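Note that the chains take the letters A, B and C in the order they are written out, and that residue 1 is the start of every chain.
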């Protein structure tokens, strides 16, 4: 429970109404009730303001007059909502201590303020800095470094030599530092190239559930500061992700590709290996990026959904596209000839 | 070992042959041996009936005369086969009790008839109802509710506030209740929107290995009764899946999308966010659904496989499709003009 | 630390230079320093040879004169590099013994030379042969067989009745033997078909992080010798993968499909069920294979990335492809008519 005045102060906003009002939860604009705080950021939702029963609404000064109950005036209501959401989070504060069932190498160094849950296994010479939370049954390999205030959820696997910067969140089931997919094909089969690099992850990175980031072959795989990876993303060996790049669920980035800063990549997309993607590039969902992108912009591949029977007819035609262009060219030549004869 | 008579009784079928015959396994029609039960449901397999060496065949009355050995006559042989398959399952009956190495919060409530395997970690105020099986090293966060007769396999992760209805199966490595991918992008990077909703899963739901279902942002992510999710499916925050909808492996559903009842979605498909998909919609494999579907039907996107060199030529032409249409239009105009001059 | 002479001997190569020189690491050609060994296999990198500061370079005899420092002459420098990479691997030798916190069924048989890490759970009648490494918190179901010298990393899940051949590597989070996605749809919902087969994996197989291989419905799912699966690959029930086939990350193979030997499948590709793919077939990234491949070759589907706005225009035209072909045909007929009138 927080008061309106507390929230307004944290958000550097001004409230109109009762500053002592108690707020116990966040809610959507349409379904907010007594004790809830909500926000209105987009013009299309302004008409819902009059009907909202939430106790408090975060709004801009310009829209403040539309609020019936209490308002907190902020410059950027959506950002303010995001910031205050942490106050209502279900995660409990970190409880310093190591659970008895955890298995920690003697050479590991764990800050006293960090929390190590049940069944955690921590390898030799691991460093875990202050304020970290290591979820149940997570395994951390030798020589890993977890900087301050990181949160690893349950059943996470870190191989040897993975470094995480401060304030990272790693969701359950994620695997960091597995071998890159490196083999030499010869007549007798595939010869494994042992993957000797590590993984270097910046600060403020969030890594989704079951996401995998492979270790480098010789040098490191590198994830910049503020990168956000959704669930089930695959990052291959020696990939570099620039700061603040965000990648949606199910996307795979192949080996040695470098993606610049502030890129976004839609879900289920693929980026092939050894490419360079310019900073500020946006890739829409389910696109295949098979060449480097030199100029920032929005890029796509694929076709749009349609009814299956008509799609099947069009798909058949796709295979004769090249032939179609040739037929058009031939027609153009013939029509040109006919036209000239006509004149 | 079951007798033919026992099986026939369970399936509400009639047997022709020796009811005391012992059946020890299920088998395909073609490779069934002595002691095996098999089935014949499709006309194209009727010719295999004569050659099958299985002891018993499940058939319709109409095809019963084709069976050489014992027959059990049922209305729906495929359904009967599915139903009897449980009798031959390798899973042992649930053994009531909590393994000594499990780590269970004192405030958790575990039904005596449930089985909690080695290394399981169970949080505060968790409720596990009767007849449940919680596989080794699975982690269950605070406030979760697991209704009767659920089976969670090994290394499953449930975050706080995930509810499962009765008779659910959750396969190994699945992650339920991780944070949705919610951030606000501003000049200084991505501001996390804490994900405060939970996950509500109906009864008779099966969730595949390494499948991830995110918790809601403010309200819950909701999975209906009888939903079946294959492996490595990604369900984002605030998605609703209607009853009996089934989704094949590798598919990702983006945030806040509502999918109706009795839909099927093929593998590696993507559905973008904030859509509504009508009940009874079927999406073929590897399709991208980027607009709402109002009318039930079958939908697809993408192109069909072809030999790489011809594909490359066609792919290049795809990028001039718009231009091609304009060239055709111009040709039509010119030919129209020529034809009218001709007359 | 190894000497040049030791390395040359292992690789059946000849060295030119100081055989006593100490080598402590592998490095890329461009960034190699004192104490590093590197290689040069492609003509395009020959110009880097003169500038490389690595102590030793693996080269062919033909290129040996370009090496400034020590050279080791081998027939196949890339293969030699791959082979020697194991000497510099970070994995420690297997330490025989069972960690006290592991939970092992009495009926299991574990070779004395194998290493069982913390939190491992091993079921009834499991056989683990010599020289195996079973990583922390991995769970192995009843009746599994792990042949000699396998390495299972952390948090791996094996269901009942999964067999692994010798020298396999299974990366963290992988799930082997979960139920195939088998259900019968009837008016009352989906009836589960219990999945009674197992998983049979050959020798020298590598299975990536979070990859899932389902058990068979009645018979086994079969993975051949020397198969390499990247991360997050999904192999459905009763799939057969031929020897030395390699599949990149995020790809899904649907049920009962048989893929021949020596195939490669690019990332995020899908292969639908009940197909046969000829040995030696190569599928490029993000392709959908929806029919059998009888002749080895390279196959693809999908479209190429382009700028979003032009893509949108082309995508709209894709839906009228069938109509476009008809318009072209009509134009050809009309032009043919006009031409004949002209003559």
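Following the convention adopted for this analysis, contacts are C-beta pairs under 8 Å (C-beta built on N, C-alpha and C of every residue); 3 or more make two chains touch, one makes a residue touch a chain.
This structure is a prediction, so every number in the text was calculated from the model and none was measured.
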| item | value |
| --- | --- |
| Chain copies touching (chain A, chain B) - same or different residues, decided at half shared | different |
| Rotation angle superposing chain B onto its copy chain C by C-alpha atoms, nearest 5 degrees | 120 |
| Intercentroid distance (Cα basis), chain B paired with chain A, Å | 25 |
| Residue numbers of chain C (touch at least two other chains) | 101, 119, 137, 155, 173, 210, 232, 250, 268, 302-304, 306, 316, 318, 320-321, 324, 328, 331, 335, 338 |
| Sites on chain A touched by chain B in the complex | 25-28, 31, 76, 78-79, 81-83, 85-86, 88-91, 99, 101, 117-119, 135-137, 153-155, 169, 171-173, 204, 206, 208-210, 225-226, 228, 230-232, 243-244, 246, 248-250, 266-268, 285-286, 302-309, 311-312, 315-316, 318-322, 324-325, 328, 331-332, 335, 338-339, 342 |
| Touching residues on chain C, where the partner in the complex is chain B | 101, 103, 119, 121, 137, 139, 141-142, 155, 157, 159-161, 173, 175, 178-179, 181-186, 189-194, 196, 210, 212, 214, 218-219, 232, 234, 236, 250, 252, 254, 268, 270, 272, 282-284, 287-291, 297-304, 306, 310, 313-314, 316-318, 320-321, 324, 327-328, 331, 334-335, 338, 341 |
